[in-house]
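Structures incoming, each one as structure tokens.
Each of the two complexes below includes chain A, the first together with chain B, the second together with chain C.
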Partner chain A sequence: MALRYSNCRNVWRKALELIKELDRCTGTLPPYNSDLVSEVNNEIKHLIESNLEDARLDEENRSSGDVSLLPTIICRHSAIARNFRCLLAYHYNRLRCIRTMRWEFGGILPPDIKENLSQLELEWFSKYSNSLAQYMRSVGEEGINLTVNLKPPKSVHIEVRCLVDYGKYEMNNGTIVFLKKNTRHFLPRLECEELIRQGVFEHVVS
Partner chain B sequence: MNNMDIDHDLNNLLEIEEDEEDEILLSPATLVKIIEEAWLNEKFSPEILPNKQEYVDLLLGQLAAMDDNLENASDRDIKKGVHQLEVDRLKFLVCSYLRTRLEKIETYIEHILKQENERIEKGEEMYLTDAEFNFANNFKEGVDKHFDNLMGIHPTMPISWKNQIVQPNINSFVFAKSKADIESILIDEGNDDETVYVNKDSQIIISYNSVSNLVKNGDVQLI
Partner chain C sequence: MSLQLSYSPNYFSIDDILATQERIPCKFSVNVPKLGILNPSSDEKDLKAGTELELPLWLVQGLSTGRQPAVVPELPNVYKEGYREILKADACAVDLHKFNLYYYEFGSYVRNFDRKNNVADILLHTFTTRFRHLMDLADNTFQDPNSIQKLDMLERKLFKEANEAKIKMNAWLKNSEAPIETAAMVMNHRKRKRVNVE
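For the complex of A and B:
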């Protein structure tokens, strides 16, 4: 019975590659690597099937006192477990990242980020987004927006520089400001917070 | 609305009537202090703590009233800015407190829900508010569905990964300040002799596990 070393040697490479890919892009979300994921899936499938087969053979050999297949089975089993962990880690950490984006961008993701999500992740995102919104509505009497006030305030107004030609922007009190590229404004912090996150403003720290 | 009203708001905010007979007077300063302490505790404790929903709701109600008053105040008044900043600070406090709790719920979702369900069974008071509990259940549903879809690779797939749940490390060390004289804190659970006496206002570094009950009943403040 030949041990299939040839395919055992590369067993962990692909799964590890997934993890490395995420690790390289800390803070951003790389495109969902469905090719590699399905390769790892196939690898797991393959390992499980060969293991089932060998387990059956082993059962037969056992009666004649032959346990030579056992080490192979154990090896494959830990390879399966390892691949599994890598897959779980890959997907879980992506979810964490998507979750952070819900807090940064609100319920609607920018299209360029949306492209990087898998279908399942998009579904998860919309569910998460809904339950978060539902929670925020149910706090207090009128609901509360938890995605603002992320940092302790130091002053009511802050100085910001406008980075894009945004056009007219109406503030909560009805005042309309005209936001032109490279202009500086002194505005209430609350109004700016979201625009800063969207990349319209840059906080000028003097 | 004039400034007198805002001053009045800040200085003499509230008077809660819980029941007709059971009237509790709570000054705004006390209310803010309660939330501040809850916030610090929540920030530093590894596990989720009992909710303070009534206080949060009270403070939110007050903040809404103050917002209304501020909107009506004149923009030229120098006091308005000061009040606005104060209101913003309080808003940050509440938001951060609630956010911290949500983050814990998300991270330790399985663990927390398991504990909550045990509490329901025993008829104990729940740590999560109704809204948080809803959120937690929805969150778990979403994550479970996501991973079930992903991990159904092979029919004979082991499902043992579902049992590996993320748990808070309740033995991690915390800085704590005692708010009362505490006779004895058990440091080593296996050994009854290992206790410490803690004076009021003294500060200690201790394993969270040893003081978790004291944190929950308010004798110890995490810092």
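For the complex of A and C:
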């Protein structure tokens, strides 16, 4: 089959790169690409300026019957809308990811993940953390921790295997357990759940 | 709470943004001044009427509507008669991933450029024929990466969900106590670290 149509040149593709970055890393958060974001911002600004200028020109040309600039303007306008969409989707999807992190890593993020967040995203994270904590305190008489008992408990104590050398861990009743790698413990479910979620323990189900 | 978005194309959907980047062959019906940069085979400043280019879908959507459409879109090859015949013959045998990464999602946009409605029919036909096969696959395959090679992105998503559900169901039938698991993101983070160390 003869190739009749040639591809159009790759212009206005920077914003798509941001989306592709997210698409490549499902389940993790790539570093915030501030360079590319500001490049896209500039591109949008540039497109808007060109469109303004051409809109004015088109108005003047109309009386003299010159070629209409309308298709050019529509073209650029589509590019502007597209860039907007990509930028917004980039930030929105990152925020979704960061919100999930609050539930999975807990209130404090590991430093190497923190590095990948922008300043504004870090601020958002701490604000979200605060409002979540505030809400959990306000429910019931003594507050309720929503991040535990995500699955219905069947017994008070469960068996767990320790996966890392964690060191000393003080339980709510004051007893101190020494958590060494590959040791097994029989502990109250309530105490372990958070540590299991963070990958310190493995829940042993016989 | 998961990262997954609702399926229906929403403004922030990454899949939908990628699907609307796929290209459609178009013929320009008017002169477009100043945008000669779009045409890689000429250095002229303006785009002449009659130029034939493959444009991304999002651009075509803006240009092909309105009172005076600037471009006339055509059907991409994989939705044309020849390919439709292949799908009609046996949809299950086709490597849909090679046809187009987003065969269904892109197709549901392309459908609008087809007045005879053939594309809509073939999309439905393909999906219903392949769906049975897909569910069969999801119920019986455990971690065989080759089995999903021929699926397009939408089918892959369905496969993943169905497969996970099946595995969970089996685990629950064996032992009704749901073990507490390490959070998915923490797991991922760990794996990454391990690669870095090695």
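One rule holds for everything that comes next: the second predicted complex is superposed on the first by the 189 of 206 C-alpha atoms of A that agree within 3 Å, B and C clash if a C-alpha of one lies under 4 Å from a C-alpha of the other, contacts with A are read in each partner's own complex, and residues count from 1 in each chain.
Convention: a contact is a pair of C-beta atoms (placed from the backbone, for glycine too) under 8 Å apart; a residue touches a chain by one contact, two chains touch by 3 or more.
Note that this is a predicted model, so its numbers are computed, not measured.
Touch criterion met: A:E141 reaches chain B, while chain C stays clear of it.
Of the two partner chains placed by the overlay, neither chain B nor chain C lies in contact with A:D35. Of the two partner chains, chain B and chain C are each touched by A:L88. By the touch criterion stated above, A:R99 is placed in contact with chain B and with chain C alike.
Contact with chain B, but none with chain C, is seen for A:L120 once the two complexes are overlaid on the shared chain. When the shared chain is aligned, chain B comes close enough to touch A:Y128, but chain C does not. Considering which of chain B and chain C touches more of chain A, the answer is C. Looking at the shared chain after the overlay, A:T72 reaches chain C, while chain B stays out of its contact range. Look at A:D23: by the touch rule set out above, it reaches chain C but stays clear of chain B. Residue overlap on chain A between the chain B contacts of one complex and the chain C contacts of the other covers 81, 85, 88, 99, 150-152, 189.
Interface residues of chain A facing chain B in the complex, by the touch rule stated above, are 41, 44-45, 48-49, 52, 80-81, 84-85, 87-88, 91, 95, 99, 120-121, 123-124, 127-128, 130-132, 134-135, 138-142, 144, 146, 148-153, 155-157, 173, 189-190. Those residues of chain B that touch chain A in the shared complex are 56-57, 60-61, 64, 71, 81, 84-85, 88-89, 91-92, 94-96, 98-99, 102, 106, 130-132, 134-135, 138-139, 141-143, 145-147, 149-151, 153-154, 156-158, 161. In the complex of the two chains, the chain C residues touching chain A come out as 1-3, 5, 11-14, 17-18, 21, 23, 25-26, 30-35, 37-41, 52-56, 58-59, 61-63, 66, 68, 70, 77, 175, 177-190, 192-193. Of all the residues in chain A, the ones that touch chain C in their complex are 1, 4-9, 11, 16, 19-20, 22-23, 26-28, 54, 67-72, 74-75, 77-79, 81-82, 85-86, 88-89, 92-93, 96-97, 99-101, 103-105, 110, 112-113, 150-152, 154, 158, 189, 192-193, 196-199, 202-203, 205.
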